[in-house]
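You will see chain A twice below: alongside chain B first, and alongside chain C after that.
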Partner chain A sequence: MTRLAPLALLAALAALPLGLGTDPYLLNALITTGILTIGAMSLNLLLGFTGQLSLGHVAFFGIGAYVSALASLGFEVEVGFGLRVVHEPWPAAVGLVLGTLAAGACGYLIGRLSFRVRGAYFVIVTISFAEVVRLVALNWVELTQGPLALTNIPAVTLGLPGLGYWTLKTKAQNYYLVLAVGTLCYLVIGRLVGSRFGRAMRGLKENESLAMSVGINATRTLTVAAVISAAMAGAAGGLYAHYLRIIDPDVFLFATTVTMVIMVVAGGKGTLMGPVVGGLIFGLLPVLLRPVMAPEAQWIVYGLILIAILFAMPKGIVPGLRALGARRRPASPVLEVNPAVQR
Partner chain B sequence: MSALLSVEHVGVRFGGLVAIADLHFDVNPGEIVSLIGPNGAGKTTAFNVMTGFLRPSQGEVRFRGTSLAGLPPHEITRLGLARTFQRTSVFPDDTVFDNVMIGLHRQGSLMSRAPLLDTLLGRGGANERRLRERAAALLERVGLAGRSNEKAGSLAYGEQRLVGVALALATEPAMLLLDEPVSGMNASETRVFVRLIRQIRDSGVTLLLVEHDMPLVMDVSDRIVVLNYGRLIAEGPPAAIRADPAVIEAYLGQGSAARHAGAGAREAEHA
Partner chain C sequence: MSELIQHLVNALILGGTYALLGIGLTLIFGIMNVVNFTHGVLYTVGAYVMYLAVAALGLNFFLAFPVAILGGLLLGAVIETVLLRPFRGSDIDTTMLVMIGAGIAMQSALLWIFGGVAKAIPSPFPETPLQIGPVSVSWLRLFVLGAALVLIGGTYALINRTRLGLAMRAAFQDADTAALMGVNTRWIDTATFAMGSSLAAAAGALLGPVYVVTPQMGGLAELKAFAIVILGGLGNVTGAAIGGFILAIAEELGAGYVSSGYRDAMGFLIIIAVLVYRPTGLFAKAERIG
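Presenting the complex of A and B:
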């Protein structure tokens, strides 16, 4: 059943726009939720599987958004010594790929740093990194327009020579693009986690000295995980830029990272489906609450629901449901473990 | 015969504290050597130096003629020098089987030139099957086949030691360093473990052991190296060590000397 759940969810999500018709408000909520969920999945790769908390994860998201937007808008900047860099606009799809790569490159830097700094220090480094990037986006006005925002970002055009091209202008089209990228990220993470590389990550998280003693290269493993995680966050950022078609330095807001952390932790970190479940719940919750209560009350209820979930299922929704399922099936021999020993 | 492992005048100082003053000994291929000494003598520190977890303040360790100076732990393992840990010898949240699968990390990379790419393209299936077979064989070898699906962290302490040995063997070492491998084992488990140690040696692996269980040390060792206060005080076959006055003093003499001193102090108080 657990194997079929992701497929069933994918089928439901794919069929959703048909049922909803083209209600733009709901579709918009679904698209932004989907984009944030991709961010949460990428964060989970670091937080859930290597145990490193990147509280600057939004930096990769924003870098993906800005690089993708700038590559497809074109720009002209003075870089000092009288040198001017002029960039002619490229197709949005190329921008998306570049944004993904640029974010991945930044992930490489952060990953290398994790060689020296772990735990709380890593958290602080990532927060600082995000803040620095935000200040650059805010103040390098010639390149980024600063607070005036980058506008008129082209929509993504997909297609193959000879087959024709589609520019994704409608919300439904963008919805399916986000769903496709999200599915791809899910599959990539699934493959990684189930492989030798995933075992190396788990080993490092559970017992770093022991992992190193069996020949696992800690720096390399954490760096690769950071690069892949950052690249996925960058792809999410690129999708965001080309969907909204306007971005400003607020894409670097710390609150976005917090939302992603909530999605991962509530859904169940270190599980494949956790960030997806958490992402859908906490992405759509504001939409569901809006019609029934005052704006001030919405966030209070949002917080209460989060607390209730973590109180009932401290490890998150997916592991919590799994434990429930295991208890319902007494036929399978369940090992009784003293919780004190388990920890 | 040239030594497999040479510890060459290694010293370790933490600030003003001398953990190891000057340690110098060799281990030859095929030997079982034990490193013994009272608590705090610097045995585990010596292990940490040999396996790259700690940089010595002086001297160096050579393995198969290669200096290990500056090499990180995972590269030393790749040279064929594996170790177990005294306290945390398992990945607690994984099953025993998955523990060994993590331990087979290095073997996995030898099977494929681009393992990460193979993974993403879904081409690693055959290699995974081979790794699983090896993991099962390793668990059979250390006698944990029946525990495969249990969480390693929930095993008895003695069984966790065995998982640690399986993990170290998974790296296919030429030499294995065992840090107090029978702590937490009962007498019958210890007897089985002695057989395992001999089996490992017979399969061509050289062993260096840190252990407090003296009957076991005297039983399995070809040679014993005795440390006290970070200094080598004796070296030789078990029979010679048992009779060595310096060793007897290190283990017993100080204790009785302290008792004498204590009695003297009490008498002084009464007077």
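Presenting the complex of A and C:
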């Protein structure tokens, strides 16, 4: 049953726009939810499987957004010593790839730097990194337009030579693009976690000294996880830029990171489905809360929900439900098997 | 030259409040192993208590300051008893997430109550600054430095000269052994968190009148406090005190000679330099309280 649940959810999500028709508000909420859920999945790779909390995840998201937008818009900047860099616009799809790579490269730098030491350092380095990137986006006006925002970012064009090209302009098209990228990320994380590398990550989380004693290179494993996680967050940011077609330094707001953290922790960190379930709940919760309360009040509620979940369901919704299901099914083994032999 | 001296004087004044912020955060980390993500909000609360007391209630400026410190102390004690005590013995990540939830809820509550418009706290000091040779300092800023130094001295005295301080140092070295020796470690946790919170609130109450008061002002203050604590070594009080002044000097000189837009990036540069060259902090040898 647990194998079928993700497939059923995917089918339901794929069919959703058909049932909803073309309600633009709901579709918009679904797209942003999907983008944030990809961010949450990437965060879960670090927080859930290696136990390292990246509190500046929004930095990778924003770098993906800015690099992708700038690559497809083109720019001209002075880099000092009278040198000027002129960049002609590239297709948006190329921008998406570049944004992903740039975010991954930043993940490498941050990982190499902060995994020299364990403890709270990674958290603090990532959160300050996000602030610095925001300052750059705000102050390097020649490149980023600063608070004036980058506008007229082109929509993504997909296609193959000979088959024709499609520019994804409508909300429904963007929805399917986000769904496709999200599914891809889910599959990549799934493969990764089940592999030798995934066992190394979890080994490090459970007992680092023991993991290292059997030959796992801790710093390298953690850094690779940070690179993949940052790249996925960058891809989400790129999708965001080309969907909204305008970005400003506010993409680096700490609140976005907190949203992703809540999605992961509520859904269940260290599970594949956790961030998806948490992402859907907390991505769509604003739709429900919007008519009832002001945005500030919503954030009070989110903060309290995060605390309440840590109190009542510290492992999150998905593991909680699984445990509930296991309890409901009494005496499941029909044959009496010696537990030592069972596995 | 006189410009440089002016920058250094400004840094000295700013450094006092930075040191307060850093000491509060490092105490809480060192003794409780909690990364306090409500530190920035407590700083903001200190500033708002000051604003309410002075501008709304018309209380004397010098009386309002201890009220703000007391407000931080009480709020810190409440946060510790309600939110952290149930999680005693949990791992550092869980308490960190609890603190993130509390921080974002409290910050949004402040935004909801006071609105996003910046508030100014009137100060009783004369407008004309004190002029010493080429350097000019406002009287308000002198008061800020003096109050910060008194509070830093008071914290040192409390840690090194009182029974509570002795118990805190014992709990820092080995909480289990301290508990066996009859130290009430629960009470030590509450006292530590309340004390760290009151120092953050004091910093907010001091810088609030210098700048303006907004619900988001604590976010940057928190990042700076993190940078200071990493600089001094996690849990090292003297390191945090010196780190506060180092960060202030770096910010002032960076803003004065490099670019004022990147003033707040200096903390990050310091963190990187520390991680590359001295990952355990500048003052790792004395990694204990006091």
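Rule of thumb we're sticking to: the second predicted complex is superposed on the first by the 309 of 343 C-alpha atoms of A that agree within 3 Å, B and C clash if a C-alpha of one lies under 4 Å from a C-alpha of the other, contacts with A are read in each partner's own complex, and residues count from 1 in each chain.
Note that a contact is a pair of C-beta atoms (placed from the backbone, for glycine too) under 8 Å apart; a residue touches a chain by one contact, two chains touch by 3 or more.
Worth saying up front: this structure is predicted, and the values here are computed from it rather than measured.
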{"item": "Which of chain B and chain C A:L9 touches, first, second, both or neither", "value": "neither"}
{"item": "First (chain B), second (chain C), both or neither touched by A:A255", "value": "second"}
{"item": "Touching partner for A:V97 - first (chain B), second (chain C), both, neither", "value": "neither"}
{"item": "Partner chain(s) touched by A:L158 [first = chain B, second = chain C, both, neither]", "value": "neither"}
{"item": "Contacts of A:L210 with chain B and chain C, given as first, second, both or neither", "value": "first"}
{"item": "Chain A residues touched - chain C or chain B, whichever exceeds", "value": "C"}
{"item": "Touching partner for A:F311 - first (chain B), second (chain C), both, neither", "value": "second"}
{"item": "Intersection of chain A interface sets (partners chain B, chain C)", "value": "none"}
{"item": "In the complex, chain A residues that touch chain B", "value": "188, 191-192, 195-197, 199-200, 202-203, 206-207, 209-218, 224, 335, 337-338, 341-343"}
{"item": "Chain A-touching residues of chain B, taken from the complex the two chains share", "value": "51, 53, 72-74, 77-78, 82-83, 85, 88-94, 98, 101-103, 105-106, 108-109, 115-116, 119-120, 122, 124, 128, 131, 150-151, 153-154, 164, 167-168, 170-171"}
{"item": "Chain C-facing residues of chain A, complex", "value": "47, 51, 53, 55, 113-114, 116-117, 119-121, 123-125, 127-129, 131-132, 135, 138-139, 254-255, 258, 261-262, 265, 294, 296-300, 302-307, 310-311, 314"}
{"item": "Chain C residues within the chain A interface of the complex", "value": "29, 35, 83, 86-87, 92-94, 96-98, 100-109, 111-112, 219-220, 223, 226-227, 230, 234, 259, 261-262, 264-265, 267-268, 271-272, 275-276, 279-280"}
